[in-house]
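Listed next: structures, encoded as structure tokens.
Look at the two complexes coming up: chain A is in both, with chain B in one and chain C in the other.
Our next item is the complex of A and B:
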């Protein structure tokens, strides 16, 4: 077997879009170096706990990856390996990889789930990861993550339009809100992603359609279930005007009990991650999904009525932006389109979704990684743009080589 | 007529396609130009830089903006007024399948 010449190292600067770049590097198999990660921060320079945890996860689901930190943690060199998934003998026990999230993680579990879902279709074996430990927050967070419910109801169904639909499941085993100081939770989530493809199908999504129903999940962990009812009532008060077919599920659970060793009592445990939240998903007749997410802040002081309303307004805003993809799903959809076969895929995107910094940066990063540029043209609807993306057929690098 | 001509029409798609891959500009700048906010915003930037000393600037760079967010930060007070305005509500109705213009709760 001849080894291909090593691709040149791509260099990036800054902590922003770190995960996005690591994912693209893994998918395209190109080594990257990211420098000046929070280099100007006096209090916490270098990689944050959630980023280190994500790198560990990458290491766990790939084979042959090399990760090198600089002494201060402000520079990372990442040479991707093959995405092997939860294959036996690669650190998976009984086909499941256990990923422990540290207690000082301030990001929701969707921070890990979304990139993992992007990698999973291109894995060699199925992906089966159990997120556990004192840092798993299944609710949405103040730091801007969606809840695990939204991943399950608004992100995973998107893969169907790429021909990836079998054996995909996200189990929320134990719920948790954000813990004290916005850190840690103690939830448990398992992602099974068992449909691996050679290349995702070319996508043509031109018609956003009309919203026909709204579904949602209200959750209370460790607090009274009445909070759910209040959240639901407030959200329905806003949404009934638009869609009578609104149904919001209610889930009440006790707070997770995590170990909190003290000097006198090393076996001490405490409850963490108390709070409530709401995840809303609007479904259009064409299968397009818009979502909204909100949770009570760890400091408290927000009545559920206010949060329910805010969540409903957020959903209306997402529907108003229009297009076939909301700003939450846009990076996932656009990246998968770029990974597709060498054909032009088209998707209608709202102008405000396209004209947001993360999407712009994604366009640039994709080009840096050797993908083709996007074609833009005016859409039929008001405020809509048709984005045409030529896939590069790099989809499953791992399968091609192995 | 000159003022109208001189001001570029904001939100033009062709304009964005041109700006998008211009690596000289940051993504924030691209969007500002695209939305036609360039003149005022840039003016303000210059003013600010002149006044603030270096120490303060450095602290500003490690703000919240450095983190990736998925859920955007929204001004909920503004949204509340927006969505209680009858006009906006009516405008959005056509995006919903059950659009009866005098909806179930309509007056």
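Our next item is the complex of A and C:
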């Protein structure tokens, strides 16, 4: 049997959108080279800890991937393998891949969860990854990551519209906010993604509907539960006017205890990841979800009332932007649509969402990876655009072979 | 000190005679009142006796608290609640029922939302079993029909088990051994794999004997049938145990691999090729 000629290498520059490019490379099976990663930085050139950790994760869930770093870490060559998931004998123990996140990781766990959820439907076996270690932050972070709660309540339900809905779980086993100087946490999160498909269904989402209810989770780790009550009170003060069916659940937990070895006491432990936060999800009658997230900064000094109000305003802003997909969920939805069958899927997107930098860059990157371009036309609503995406039928490479 | 404490405790435990008398009195009065009200119309002042009881209770406690238990009379300087308090009508509003229902729904929703699964968009309403109303006469008829139907089915299926003795009873049902056999049949109909009456543990000799007897009986029956010219059903051949194909770990799943060569029989080749497809044209030309 002769192997197909290797697809040409795609070249990218810069550290931005690294994860997005790696995911697209894995899905389409095209090798990429990313160069000049923070090349101009004198203090910390090359890949950041979270990026290295993500590459490790990619290596763990795929089979036959090749990753090569340059000496300084400013260039990465990635040849994707097959997405095997948590199949036995591939580094998964008892069907679970343990992924340790280093303590100097400044990104929330959703930085790993979102791309993993994008890869998971196309995996060969189910994906079952336990994120653990001293770097797992389940709350939202100042670096722009959403909380694990938002992933569960606002992102994972979106997969249902693509026909991916069974056996999906995101267990937040231990909560953690950002640790000191915004790095590290000590939480624990397990993602089980057991619904694999050959191709996601074609999506037609034209009507955003009206927001009918708002739900949310207020969490505080290692601090008084009264913070939750104050967050909820402030958020409800804003939101109750618009949606009387508002309910925010409260979750109080103790701070994670992570090992912090000292010279004369190697078994020492310390508490980390103290703080509180709020995750809000607004649900429209058509099933469209908008979300907002906020967490106390690691430096402190923000009263819960302010944060609750800010979060509520954020949610209102997301609703105001309109469309059937919010800012946070747009890349996931649009990528899945591009991976779908060779059929035109349509989705209404708010102009502000569509015009945002990540979405624009996603469109460009998809083009680079050989996907078809997007068709845009003015939507029915004010400030809305209907995006038509023709799938490429890339789908599940592992299924094709098997 | 301990002694006095004990004494004090005892005094609290003692039931006041007068109080009990009074309560007996009250009970009697309440009884009478109820009887009266049942016959005529409700009386106006029904709250009075309760008030009295409260007052007397307070008085008792005061008595207990008195350190010098020597005098032990009911009269003390505190005369209980003032008369003005009686005029205040205490209205009790109970929200308990509504609250519990609300709480239930909230808890259910919390469970749904906070579970590890992504929350579903549609709200799951509490399971209310709606049963279509059927008038009782129709229902009874339907039930009767079903019963008769079942009886008929059973009669048809198990009629071979019936004998003269079983027909004497009020209902024609097999009895004794026949009943057990009928049960067995019903179980098999429901999908039982093995007979329930089969003995699981038994000496090997017995088992062999039973098997031998069964095969002997079957053979005798067949022989008799042949002699009498009766055609029986075809004898079922015992399933042969499947031969285990010896195969190496990485050996191919087809053919025989001996001495470094893979030998394919013509059957193997056919199985690999699959059903022959006709080449173009219509049959062979002559």
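As a convention for this text, the second predicted complex is superposed on the first by the 401 of 402 C-alpha atoms of A that agree within 3 Å, B and C clash if a C-alpha of one lies under 4 Å from a C-alpha of the other, contacts with A are read in each partner's own complex, and residues count from 1 in each chain.
In this text, contacts are C-beta pairs under 8 Å (C-beta built on N, C-alpha and C of every residue); 3 or more make two chains touch, one makes a residue touch a chain.
What you see is a predicted model; the values in this text were computed from it and never measured.
Contact with chain B, but none with chain C, is seen for A:377 once the two complexes are overlaid on the shared chain. In the superposed pair of complexes, A:157 makes contact with chain C only, with no contact to chain B.
Once the two complexes are overlaid on the shared chain, A:320 sits against chain B while remaining clear of chain C. When the two structures are aligned on the shared chain, A:271 is found in touch with neither chain B nor chain C. Once chain A of one complex is fitted onto chain A of the other, the partner contacts of A:357 are limited to chain B, with no touch recorded for chain C.
When the two complexes are overlaid on their common chain A, residue A:56 makes contact with neither chain B nor chain C. In the superposed three-chain model, the partner touching more residues of chain A is B, compared with the other of chain B and chain C. By the touch criterion defined above, A:217 reaches chain C but does not reach chain B. Overlaid on A, the two complexes show chain B and chain C touching no common residue of chain A. By the touch criterion given at the top, residues 152-153, 156-157, 159-160, 168-172, 215, 217, 247, 249, 251, 283, 287 of chain A touch chain C in their complex. Put simply, chain A touches chain B in their complex at residues 14-20, 38, 40-43, 110, 114, 140, 143-146, 208-212, 238, 240-245, 284-285, 293, 309-310, 313-314, 316-317, 319-320, 322, 327-328, 351, 354-358, 360-361, 363-364, 367, 373-378, 383, 385. Taken in their complex, chain C has these residues touching chain A: 106, 109-110, 113-114, 116-121. Across the complex, chain A is touched by residues 11, 13-14, 16-17, 20-21, 23, 27-28, 30-31, 34-35, 58, 61-62, 66-74, 76, 79-80, 82-83, 89, 92-99, 103-105 of chain B.
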